[in-house]
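Structures for review follow.
Both complexes below contain subunit A, partnered by subunit B and then by subunit C.
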Partner chain A sequence: MLETPKANGQDFTGSVRLIHAVGMHARPAVKLTKLAKKFKAHISIRAADAVEWINAKSVAKVMALRAARDSIIEIKASGEDAEAAVAALVDLVETDFPDSG
Partner chain B sequence: MNDTVGIVIVSHSKDIAKGTADMVRQMVGSEVRVAFCGGNPDGQLGTNVALIIDAINDAWSPKGVAVLVDLGGAETNSEMAVEMLPPDRRDLVVVCNAPIVEGAVMAATEAAGGSSLEQVRAVAEELSAG
Partner chain C sequence: MRADLARLAYRGRTASIGFAHGPFVRVDAAPSGRHASGTPEDEKRALRAALESGGRQIASLAHAAGGEAAQILEFQVVLLDDEDFLDPVFAAIAAGAPADAAWSSALDEQIADYNSASDEYLQARSSDLADLRDRVLRTLRGGTAEAPKIPGGAVVCAEDLPPSRFLEIDWSNGGGVALLRGSPTSHVALLARSRGIPMVVQLGTVAEPAQAALLDGERATLELDPSAQQIDVFERRRDAHRKSRAAAHAILRRPAASWGGEKIKLLINIQRVDDLDHVDAQYADGVGLMRTEFLLGQGAGLPDEETQYLAYDAVLRWAGNRPVTIRTFDAGGDKPVPGFTEDGEANPFLGVRGLRLCLARPDVFAVQLRALARAATLGNLRVMFPMVTTPDELEAARSAFVDVVRALQARRIPAVLPELGIMVEVPAAALTIERFKASFFSIGSNDLAQYVTACDRTNGTLGKLSDPLQPAVLELIGRTVDYGRRAGISVSLCGEMAGDPRCIPALLSCGLRELSVNPSALAQVKQTIDRLSRGDARD
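This part shows the complex of A and B:
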């Protein structure tokens, strides 16, 4: 983890390096989206330096992110479970999208 | 209970239908019911209304079923299969206007989160909109 989740106004933010061998392709995108959907918070992600934030709960948009290996993924969330959401998503990317039921 | 929208895959080819269902199960997981059918009863390329009805019933969920199809007859036969369902099920099945493989994976991903049939359809069809 490059940064621990921190509150920025009402948003919690985090960033993490994408170590997956082929970047943010289909399977990681599905896993990230499924995890994001478990939280009530509004969650956005972007490849570092990208202008636009995208909805982390939209699998089509996450797949279209096309983030390459070693790029930095930024995550921000707002809402009641935002802090836990950022921590969980950072952990997912950091642990290279492990398989879990 | 945490019901999720079921997914049905209808291709002219049984291999494509099965392969697409395998992709959904491996990429999204087993929490979403997935059924598939492809080919006619003689084992040739084609689609068959009775087999589609069976697949819809196999994937049945109280939240409904989203059907992903490939070409021409797969769509018309799927619509016919929906028409032939009992009235209480008919309104809970939608045929999505989406590419079969991508649509199935995205629909299942959305369904896994517990989304409604309309939300699942919208996500699958996002691919056609852009």
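This part shows the complex of A and C:
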């Protein structure tokens, strides 16, 4: 993890390097959105320095990020379980989308 | 049978190796028929029902197939539940569009977007989307969501074949897939490989109707309505393929090769990262030689640290706990590199090549050492230097490496010094092997034989003189192995001799217990050692 989750106003944010060999493709995107949907929080992600944040619960949007290997993924969440959501998603990316996840 | 045979043979790219001879069946996905449109409310209901029914079908296919196939189909299942994706479709319907048109145009837009991506992996995903599009359209347009039945053992020909269509076909009697477009990296290619179904892709245009077909996944050919002679040639190739595969695989799956009660480690030589995709690579005990010259041939200029690091990282990840030996740039000799190797040497094989060149170009060398020092934190990495003649050269390389590691650590970048070894290929090194403070030795028998016998290995007229089984070559190999045993330093051999069944008995007799060969030679080498070992037992 590059930064621990931290409160920024009402948002919790985190960022993590995408180490998956082929970048953010179908399987990692499916895992990420499925995990995001387990949380009530509104969760957005973006590839570092992109202008637009996208809904982390939409597989179509996550695929459209076209995040390449080694890019930095920023995550932000707001709502009751936002802190746990950011930590869980950072962990998922950091551990390279393990199958048990 | 047709007279014009040439016209009926097509060549594509192999996506899955194997052979199929059976009825030729064209499958063209585009669902026909028209959907009778109603009010926006009717249309939304119709689409919801079709999405639900499609979701159920895909989920049940995924459930039946399990494993990798289930993971592949999950993308479609999750997409059907993606509000951000579906909202615009329902919005279009609310604005008056018929359900089928709204659905198709949303999917077509995504498909076009994926197809325009520069990376082949992402392009290949577009067939998953086409699959989903057509499945829902079939339901919307006429209820027959079930696709027509395909006879067993057929050669199925389509523009492209989505994973769910592949899974609906009964492959228990064999058969094969011939795709006019398609890609070897698509999900369906992955499924075909894991099920042993031959697949040839990118065949171009196949307009002729035909009754029967031969699909050769090895030569990547499709032959329609073949003559008796074509069938005969095909069956002979199929038979040879089956026999060699069965024999080699039975042996490869066995745990370790052993000879005279000692375990023989079999490692692989790779030229580039993709070589790890070879089906037999997984059975190797590690990577005995990763050449790095491929990095010098990419794009403009010399490779940067990150490009190198990613390549080393990919191999270490693949290997897990198994050892990976990476050789630093071995340019020069017969491998000139513009901007790096010396021009106009009268005799480049005896010139500034291998480690000599890297020591002469510390700027280029340092970049490689940095990438290696960082990669060394990721796995079981060993680094070796080529064309070492004297111990001074090894020490100069070690000291450059130590400097690089210190500098990285000072910048808080994770880096360590890996185990360092040398290629034993210059006779001077083989003759004074005990003077080298190396952690391991790797005998480069190609160059060693060429330098010991003073024979250019590419000069066919030298014949027997250049034979690596010459006593002088075996003497130097034996010395190196003996010294390694006494000093407790591992010795392997990574030249062509290691993969040559004729040479293996001599190498084992010299005391070698580690051989590194091309992935495609792995099965045969293991088989040879197995035979020798059983021969011993009978004596």
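Just so it is clear, the second predicted complex is superposed on the first by the 100 of 101 C-alpha atoms of A that agree within 3 Å, B and C clash if a C-alpha of one lies under 4 Å from a C-alpha of the other, contacts with A are read in each partner's own complex, and residues count from 1 in each chain.
By our rule, contacts are C-beta pairs under 8 Å (C-beta built on N, C-alpha and C of every residue); 3 or more make two chains touch, one makes a residue touch a chain.
Computed from a predicted structure; not experimentally measured.
Enquirer: Sticking to the clash and touch definitions up top, decide whether subunit B and subunit C on subunit A clash or fit.
Expert: Subunit B/subunit C on subunit A - steric clash.
Enquirer: One more residue to check, A:His25. First (subunit B), second (subunit C), both or neither?
Expert: Second partner only, subunit C.
Enquirer: When the two structures are overlaid on chain A, which partner does A:Lys38 contact: first (subunit B), second (subunit C), both, or neither?
Expert: In the superposition, A:Lys38 touches subunit B alone.
Enquirer: A:Asp70 contacts which: subunit B (first), subunit C (second), both, neither?
Expert: Touch partner of A:Asp70: subunit C, not subunit B.
Enquirer: Which partner, subunit B or subunit C, touches the larger number of subunit A residues?
Expert: After superposition, C is the partner touching more of subunit A.
Enquirer: Going by the contact rule set out at the top, does A:Ala60 touch subunit B (first), subunit C (second), both, or neither?
Expert: Both partners, subunit B and subunit C.
Enquirer: Subunit C has the stretches 147-155, 291-299 or 489-497; which one runs into subunit B?
Expert: Of the candidate stretches of subunit C, subunit B runs into 147-155.
Enquirer: Both subunit B and subunit C contact which residues of subunit A?
Expert: 26-27, 30, 33-34, 57-60
Enquirer: Which residues of subunit B touch subunit A once you look at their complex with the stated criterion?
Expert: 27-30, 105-106, 109-110, 112-115, 123, 126-127
Enquirer: Give the list of subunit A residues in touch with subunit C in this complex.
Expert: 21-23, 25-27, 29-30, 33-34, 55, 57-61, 63-64, 66, 69-70
Enquirer: Taking the touch rule as given, give the residues of subunit A at its contact with subunit B in the complex, in rising order.
Expert: Of all residues in subunit A, those touching subunit B are 26-27, 30, 33-34, 37-38, 57-60, 101.
Enquirer: Looking at the complex, which residues from subunit C come into contact with subunit A?
Expert: 71-72, 74-75, 78-79, 82-85, 110, 113, 117, 119, 121-122, 125, 128, 306, 310, 314, 317
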